[in-house]
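In the two complexes below, chain A is the common chain; its partner is chain B in one and chain C in the other.
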Partner chain A sequence: MQELITRAKELLADGTVVRVLGWKAGDLSYNPEAAYFETAESLDEFVYNGFCGQNLSKMMIEASKLEGKTLVCLKPCDTYSFNQLIKEHRVDREKAYIIGVGCKGKLNVEKLREMGIKGIKSISGAELTDACEELHISTIYGDKTVAYKEAMLERCHVCKGKEHMIYDEIIGESKDTKDADRFAEVEKIEKMSPEERFAFFQKELSKCIRCNACRNACPACSCRKCVFDSTKFDSAQKANVDSFEEKMFHIIRAFHVAGRCTDCGECSRVCPQGIPLHLFNRKFIKDIDTFYGEYQAGADDQSKGPLTSFTFDDVEPGVVAERG
Partner chain B sequence: MYKIEKENLEALFRKIAESQDLILPIKKAGQTNFGLWNEGEEADLDTLKTVKSGKDAFFPQSETLYTCVRDGKKLTVEPEELRSSPFVVFGMKACDVKGMEVLDKVFLADPIDTFYAARRDHGTIVAMACHEPEESCFCKVFGTDAADPAADVAVWMVEGTLYWKAISEKGQALTEAVKDLLTDADASDEAKVSAEKEAIHNIVEQLPYTHLSLEGWDGNATDEKFNSPVWETLYKPCLACGTCTFVCPTCQCYDIKDYDTGHGVKRYRCWDSCMYSDFTMMAHGNNRTSQMQRFRQRFMHKLVYFPANNNGMYSCVGCGRCVEKCPSSLNIVKVIKAFEKHGGEK
Partner chain C sequence: MQRIGVFVCHCGTNIAATVDVKKVVEMAAKEPGVVHAEDYQYMCSEAGQAKIINAIHEKNLTGIVVCSCSPRMHEATFRKAAAKAGLNPYMVEIANIREHCSWIHKDMEEATLKAVILARAAIAKVNLDAPLQPGESLVTKRALVIGGGIAGIQSALDIAEAGYEVDIVEKLPSIGGRMSQLDKTFPTLDCSACILTPKMVEAAAHEKINIYTYSEVEKVSGFVGDFTVDIRKKARSVDMSKCTGCGVCSEKCPSKKNANEFNRGLNNRSAIYIPFAQAIPNVPVIDRENCIKFKTGKCGACSKVCAAGAIDYEQKDEIVTQKYGAIVVATGFDVIPLDKYDEYAYSQSKDVITSLELERIMNAAGPTKGHLERLSDGKAPKNIVFVQCVGSRCSDERGKSYCSKICCMYTAKHAMLIRDKYPDTNVTVFYIDVRTPGKNFDEFYRRAVEDYGVNYVKGQVGKVIPQPDGTLMVQASDLLENKQIHMEADMVVLAAAIEPNKDVRKIATMLTASIDTNNFLTEAHAKLRPVESPTAGIFLSGVCQGPKDIPETVAQAGAAAVKAIGLLAKDKLTTNPCTAHSDELLCNGCSQCANVCPYGAISYEEKQVNDHGIRETRRIAVVNNALCQGCGACTVTCPSGAMDLQGFSNRQILAEVDAICR
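This part shows the complex of A and B:
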């Protein structure tokens, strides 16, 4: 972390960048927040550890509109989103100085809560310089030690790898934390009967409170005005009614980001109700892989996406229809 | 005071549900929220904080107000009926109950919100003391006692036994109705409850936010706080989602809209969020056009405007749900602390 701060100060001082987009220490051991730093002194509050899960790529949409370059800290998986945003002309590469920050898997405090850990006073073992194998948690109700992996975000178990797809320089060591099959959950759902599948999604989606956190955090949801926020049409849907969330909202959103979703996992990370929203996106990714050949959105910033290009070898729509 | 063993709670729920709706924390797909209890539902009294506060029992997230139906040239308007049957909300916490006091100030003041008032009249709240408060809790800052909820009935869960104390008339009526299942508590039981209260108080003292200072936040602080440059940096990570407002026990803003049914209109109201771009949108436009203004509004309302209009009562109860749930790790505590640190800056 110190190396990052030192480098950020240098780049601010020599005028390469005018601001730094990273994370600021929170007031609890697990709640740092995204922040801009414009001076060397303000960087004293800079922090980067296992709890810095937020994908800062989306904030670069706004930062691209500001004067001067922004130094942005991107983890390996965040760089896929950034590439995708370049492709969609939503961020300006020239306005970004990308430091590819090391990542050994990011943590989800909800996982600790699920383990019954509460009254957290401090957590150690989550610094990038740590081995990131164990977390030591001191709580009002006693001390606990848990395996780092047990507290990781779901997306880190299906890690896309430790390589950054786009960067100006890299600081810190990364680790591939993959220990699960990316499509295992999707396959499990595919094997369900239609009734079981409907019941599964109904149970999950009926928890939705329509806070829109998934949409607002999603780097692929970058429309200037979302159709569901429009006050001019009947499409504005502010009411939380189960039938809409269960059958429409999340499915429409998944369709809209299909082929562009990098599977960054922000939707599931931010959901206050713990809905595994990434499953929808992953189903689309799996189908796209099957129909058009393996494709990873955001692996580069140039190639045409499978759903935005036409070739004579494309799968016939009928194939999809037959498959049901 | 009365008591009932934890394993007999199911029988208690069944008894209550025989004669009225029973709403309590139910675990569904891994998350615990207040919901209507039916045989077979998984009641979860161990989770300290439900995701949403339970205010929905009195102020639902979406509700129809009236329905217009067109049939040829005939148009009928059917108003929604007000709640007329009793119900019980079991397992709210002291902070949630305090949240109801805040909502009362809004909805029971003239002009009275009849939908809310009907539910308040017919609802009985059984509130539970917080056995193990968490680091995100700061109810003491707002004068709430986590060990002694001020509801119709207060209950304490101590080592597998639920202790039951009726407080209001409604609470006494409910106690009478379920008395067959309760046993009298004796002096040793009273001592156990006292010890539990003391233990809770001790934990509360150790919580990181318990000694948060509200100095400078009151109804007279409008100009100073509103014009502070602190907001300009504070709001930056805000995603503009509605999580904080929807999990909050005191947020009370709503929108009223029409739903086109094809042969008529359902006029409904639903929770709104000051974080949303169309919040307070009027015919002339919107008086808040930036996320900074919307973000500022939320905290100014809770800590300045509300106390200004309600004899100093804040519209935050320190439940800490926003602390736990904000996707960007922003919350009211960070706002208060930021002003403590940079408040003097101009």
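This part shows the complex of A and C:
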């Protein structure tokens, strides 16, 4: 982290960038938040550790409109989102100085809570310089040690790899933390009967409080005006009047990001109700892979997505329809 | 609020027998905005149209719904009627209660309910309709013909004779197509080459016709009257302007063992070759895959012997970009592959051949110089069996469901010619039905049976088994005698089904012309517009539209040419005002709409916007209305709903859905 701060100070000092987009400590030790730093002094508050899960790519949409370059810290998986945003002309590559920050998997404090760990005072072992094999948690009830992997976010178990797709320089070491099959959950749901599947999503989506956190965190949900906020479509500012509408919000959102979603997992990470929203997107990704060949959105900043391009090898619509 | 009139048509009994039209009138009258509703026996008649015009005047109508047949039939009629009464023609909506309702339902109560719902949806749409003004576009006075067979040649000749420039694009090194491979033609038995060659020569010599052989259409953009087409002229490796067509290069070429496509692979040709004697242009082409010079870098024999210095190993593919007002598709057919019909032993025995291969064997320029002989041992066959409907009229997935139409007649021709030339040969034809609808066709078939003694057996061949002595054991059933037949044959000829040329899918996609499940191009109307594609400016010529024989092909080629000429004769076309436009305050500038636009109608500009007080420069999608065809692909791709289609706005479509679901 110190190396990162030192380098950021240098780049601020020599005028390469006029601000730094990173994280600072939040109210709780395991809850850092995104922050801009414009002076060398303010950078002393800079924080980067295993709890900095937030994908800062989307914040570059607004940062691109500001004067001067912004130094942005992107983890390997965040760079996919950034590429996708370049492709969609939503961010300006020239306005960004990308430091590819190392990542050894990001943590989910809910996992610790599920283990019965409460009254957390501090957590160590999650610095980038640590081995990130074990977490030492100091609680008001005493100290606990858990395996790092046990507390990782779901998305890190299906890690896209330790390579940054786009960067100006890289600071810190990364680790591929993949230890699960990305589509295992989707396959399980596919095997359900239609009734079971309906019940599953009904149960999950009925938890939704329409706080819009998923939409606000999602780098693909970057419309200037969301259809759900627009007066043009009679769908603005609607609360969930019934179970149909709460489902439609998420299903329409999944359709809108289909083919563009990089599977960054922010939707599920930020959901205060713990809804596994990423499953919708993964189902689309899995189908797109099956029908149009494997495709990873954001792996580059040029290619047309499979749903917005046509090739003579494309599968016939009838085949897609049969699959349901 | 609109003042809407609803007009419900009985269409004689077409609608009224299944739909209670009075009930539809009664229910429609209760809908919001409706101030007038009536029914009439034939809304499209003069009297029916007069009712619409009168109602517009008397009730000050601002919008109209006609509940009648498909808009493809009479939308234009009712729009014209509305315009006559001073109403904007785009304030007319059709509720299709015939094709979508009365024709497909039997139960009156259900059909009436559906008709009411369809009317309701159309009323909901009219409520949100706005007057639209069409624009104009210019017509490029030049036609493209894709395919240089008899269909393409005839269409090109007819268009050129009318005084318009025509380009023919032919994939192979020579024009002539399938007809150039035929020996004789039914039902007159005249020589195919003798009647085709003059046509080929005429096309080549015509001052208005330009032929691109060994070329393919690579890209098509634009729209009716103004297509832009990229044509790839593949490298011939021979300079057409220098070559004299002497043929010495082919003689001296050391690479001689390459399958001769023109003779269906029954003999070989050299790597540099002219496909057949009457080829146009009479210029060879180097098959680079088999040329020793291209494979190893050593050889160059053809270049050494060419007195004209025409051989050019460095020649590269060339892209020609040309504008056209009309495009005629004449891509023709091929016979189906027989790999799924192993029971006929086609891949096991050289003496099991297709009818097209027999054409080559019977032809004086063919692999056997016109002698009927077995390809395995060169002996004259004594017993020949013809198998009809191999892959045609097939109920399983191996073959085609349709009748290939030409096989009955050419088989009668083959049988007759063989019996005539080799009277001691026994000819047996196995058939499902013998279909001879056509001028002098049945007489022709009867001559084969009655005058030439061809043995016709109703029944299908189950299996052909090659015997150790070189003969073929044919197992078949005789349905009329109700018995199994086992007979020995020296040669078996399969009337393999025909199918559209395999490149047609690619071409149809480029042209956005629709094709059916069998890959035949679809006509705009099966009966009334048989030579036009539903895509404006695209015309259909020959077998690409469906199986047909030579006279039918020539007739259709002429018809397609007339339609193309009708288009080229116009100076301007009225453009469809139902085009897309983007709401600059909602547009993200993400380029997804431009990616999906098949017409290249969307571009972007950096534009200063004022979004409720936020002034900034944004990347905004801009639609070129002259290029936009109103397909709507952009509107469904746009995540923010910034793209919308005039006349089919998102709100209108949702209003229709809401009206249906109410």
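Rule of thumb we're sticking to: the second predicted complex is superposed on the first by the 313 of 324 C-alpha atoms of A that agree within 3 Å, B and C clash if a C-alpha of one lies under 4 Å from a C-alpha of the other, contacts with A are read in each partner's own complex, and residues count from 1 in each chain.
Simple rule for what comes next: a contact is a pair of C-beta atoms (placed from the backbone, for glycine too) under 8 Å apart; a residue touches a chain by one contact, two chains touch by 3 or more.
Because the structure is a prediction, the values reported are computed rather than measured.
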Clash or fit, chain B versus chain C on superposed chain A: fit
First, second, both or neither for A:K207, with chain B first and chain C second: first
Looking at the overlay, does A:E88 come into contact with chain B only (first), chain C only (second), both, or neither? second
Between the centres of chain B and chain C, viewed from chain A's Cα centre, what angle do you get? Round it to the nearest 10 degrees, please. 120
Is A:K191 touching the first partner chain B, the second partner chain C, both, or neither of them? neither
Under the stated touch criterion, which partner chain does A:F233 make contact with: chain B (first), chain C (second), both, or neither? second
Between chain B and chain C, the one with more contact residues on chain A is chain B
Is A:H256 contacted by the first partner chain B, the second partner chain C, both or neither? second
Between chain B (first) and chain C (second), which, if any, makes contact with A:V270: first, second, both or neither? first
Chain B and chain C, closest CA-CA distance after overlay, in Å? 6
Common interface positions of chain A, toward chain B and toward chain C: 234
Could you list, by residue number, the parts of chain C that touch chain A in their complex? 505-506, 509, 583, 585-592, 595-596, 598, 604, 611, 616, 618-619, 637, 639-641, 650-651, 654
Contact footprint of chain C on chain A as seen in their complex: 65, 87-90, 222-227, 230, 232-234, 256-257, 304-305, 307-310, 312
Can you list the residues on chain B that touch chain A in the complex? 28-31, 33, 48, 51-52, 61-62, 132-136, 203, 206-208, 233, 236-237, 239-243, 245-247, 255, 257, 259-260, 268, 270-273, 276-278, 281, 323, 325, 327-330, 333-334, 337
Which stretch or stretches of chain A touch chain B in the complex? 26-28, 31-36, 54, 59, 114, 118-121, 139-141, 203-204, 206-207, 209-213, 215-217, 229, 231, 234, 236, 238-241, 269-270, 272-275
